[in-house]
């Protein structure tokens, strides 16, 4: 949900409601990653999994302005994104963040900008990896159609390092067809933001993507 | 409230309740700066001013993992801390953050590690400045007693650049005496964290500090 | 000289030779800011002042990969740029860098992206300030002609905080006319990079700018 | 050579002279990583391999204050350190730095703070990896004796990802015995700084370490 106004506050609640309803109807897993200030309200109001957009690899203490893993966990999040191309972090920091997430019981979905980086992340044993070429974000040109070889190579390299890590893909996903292409390449799901959030009718768009996910799984 | 467990979630609510009660009883202004995930709940439940611990100088858009000024405003915050010694930011970034805070209607309390930096901040026209020598944080050695000349020089230099900016002081504040010393030096208030949060009885401690603030003002 | 190939290694030596020759002929002050690896060779071979492009606010010790102020001083630099828009630094870090530069005997030329930030920098007492709106860099649209009011306001605000700090301006400077406009507005000099480095004939271009500097001073 | 005064400027030249002499006498490979301002002079004066301490993943252009890979290459460096614990970088940035180093013809020696991170780095295909637990740096407690299992696990995990990457170890190395222990565990060499630089007699110390390297290889 990035830092879009269309996905904040009451808008976030509407999206969460849509996600919960579609998720139940179609029996697909839809997780949301709202802004930090919206985590608690969404987690308390809906039964879908909520992810933080980032955590810092810190322990309780003197870290004004940072994101304590415990804080998002206690607010109701079940996981966190890490190393998104808009919030890249250091390698040692990423390793420590995955460790801290595990300690407090948060799932980790780590973003990679290319297949080499995805393999590198796999060695740190996160729960999931998302391949997302930054140059396609918010273009409407789906990674699964424009760069199928990137997804295939990513899955191959990740499996070589750690065969148990599921791979999602993102960037430019705007239609059911894009989802279908992603799943055919071996991705287990998609990461989508503006494709839904900025759609004319977010509910219908989310339904379209979810339906394809259901059919292809 | 930093990233202390003792000031998070239900503990944050207890501190907010104490702050509200003391604030009303003594007619002093007590603002809280909870973790991002606690802002909304505290702001909805209590009538005291809530500050974010940090904002990023961004506009709504593609900034996964960042703190959108609008997000803390809409969650109920009335202001934000900036440039705390545990979350230092660039000079141009600080300038842009103060501008963005003003745009969305958030007060700014900017931290300075020394008097020169405080004067430098004054030129950016924030609403308040806090002088806090980082080497005294959480020591129990109050800046107002250990470094009175730092506070005096800070106030003098800040006033020279901009006579309208109130100056607070922080670091090591643990007793009513420390508050009294700060006010006598010209500070209009204090920034306190572990002194209250980690006190055996936070309510009594906050009451002690607030009472002195009331008496000396 | 940024990280241009046209201003590196043997190209840097040619520019330094041109700068020295023009500087002597016209009796104007031309300082160069080459890449770190070129500082020593230029400083040993030519009599013009050499500036580093950045220093870190560190003391000798365990700081692999950082720029020790002593290292550029001992290589022959007489000063350093700081806080260029391409290498922005934190406020407390800037303050510490200026202090360290003074300790080891390096002049400081600190860059500001706007007039408020320039006033803020003035409170830290650097030796010189350069106002350089980042949006005009390498555009060929001179700050002195496109934003005269920015230069005037910067000089006014800087003087108010500290009347002794000379102000230069930069961004988009490509002709003698641009230099002339800058000096008429009160700037004591200009910061120029691509305007000379990427010119068809860097020597002639540098001569043109320097001649105007000489005539207007 | 970090940012030690004892390894800067003329001191750097003395160390380089010692390294060259010992390297030739014992037929062992000794590479130096001096400060940026010393690269050219050492590379021009001695026949030993010189490494930069860091490069930025940039191309020639507008990057004031950054380290262009071409600049250290042209100054005579044959390689670069990357991601040292004192200069950690982002994962995507590390990947891009390794690519850029390869493009301009620089060897890469990438530092890892633990064995998981080392395996992660292996997926990026650098030329060499150094395992260096930060908590042991400059302690005189050798990683090869205090944490033999860390070195063994690192080599095992790295080989699993990429069997062709040689592994060095560092932190706390101060004696021939420490070198011997490292080689027995499978390391092909050691990374040493204060152990030599801050020794009473750097020449003798470097000779001691090199002799053991020779004997055990």
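As written, the chains take the letters A, B, C and D, and residue 1 is the first residue of each chain.
The working rule: a residue touches a chain if its C-beta (ideal position, glycine included) is under 8 Å from a C-beta of that chain, and two chains touch if they have at least 3 such contacts.
Just so it is clear, the structure is predicted and the values come from calculations on it, not from any experiment.
Overlaying subunit A onto subunit B using CA atoms gives a rotation of 180 degrees, to the nearest 5.
Inter-chain spacing, taken between the CA centroids of subunit C and subunit D, is 34 Å. Inter-chain centre distance (subunit A to subunit D, centres taken as mean C-alpha positions): 37 Å. In terms of their C-alpha centroids, the spacing between subunit B and subunit D amounts to 44 Å.
For subunit A, the set of residues touching two or more other chains reads 85.
By the definition given earlier, chain contacts exist for A-B, A-D, B-C, C-D.
For subunit B in complex with subunit A, the touching residues are 2-5, 8-9, 33, 35-41, 53-54, 58, 60-68, 70-72, 74-75, 81, 84-87, 137-138, 193-194. If you check the complex, the residues on subunit C that touch subunit B are 83, 85, 88-95, 113-114, 116-117, 119-125, 157, 161.
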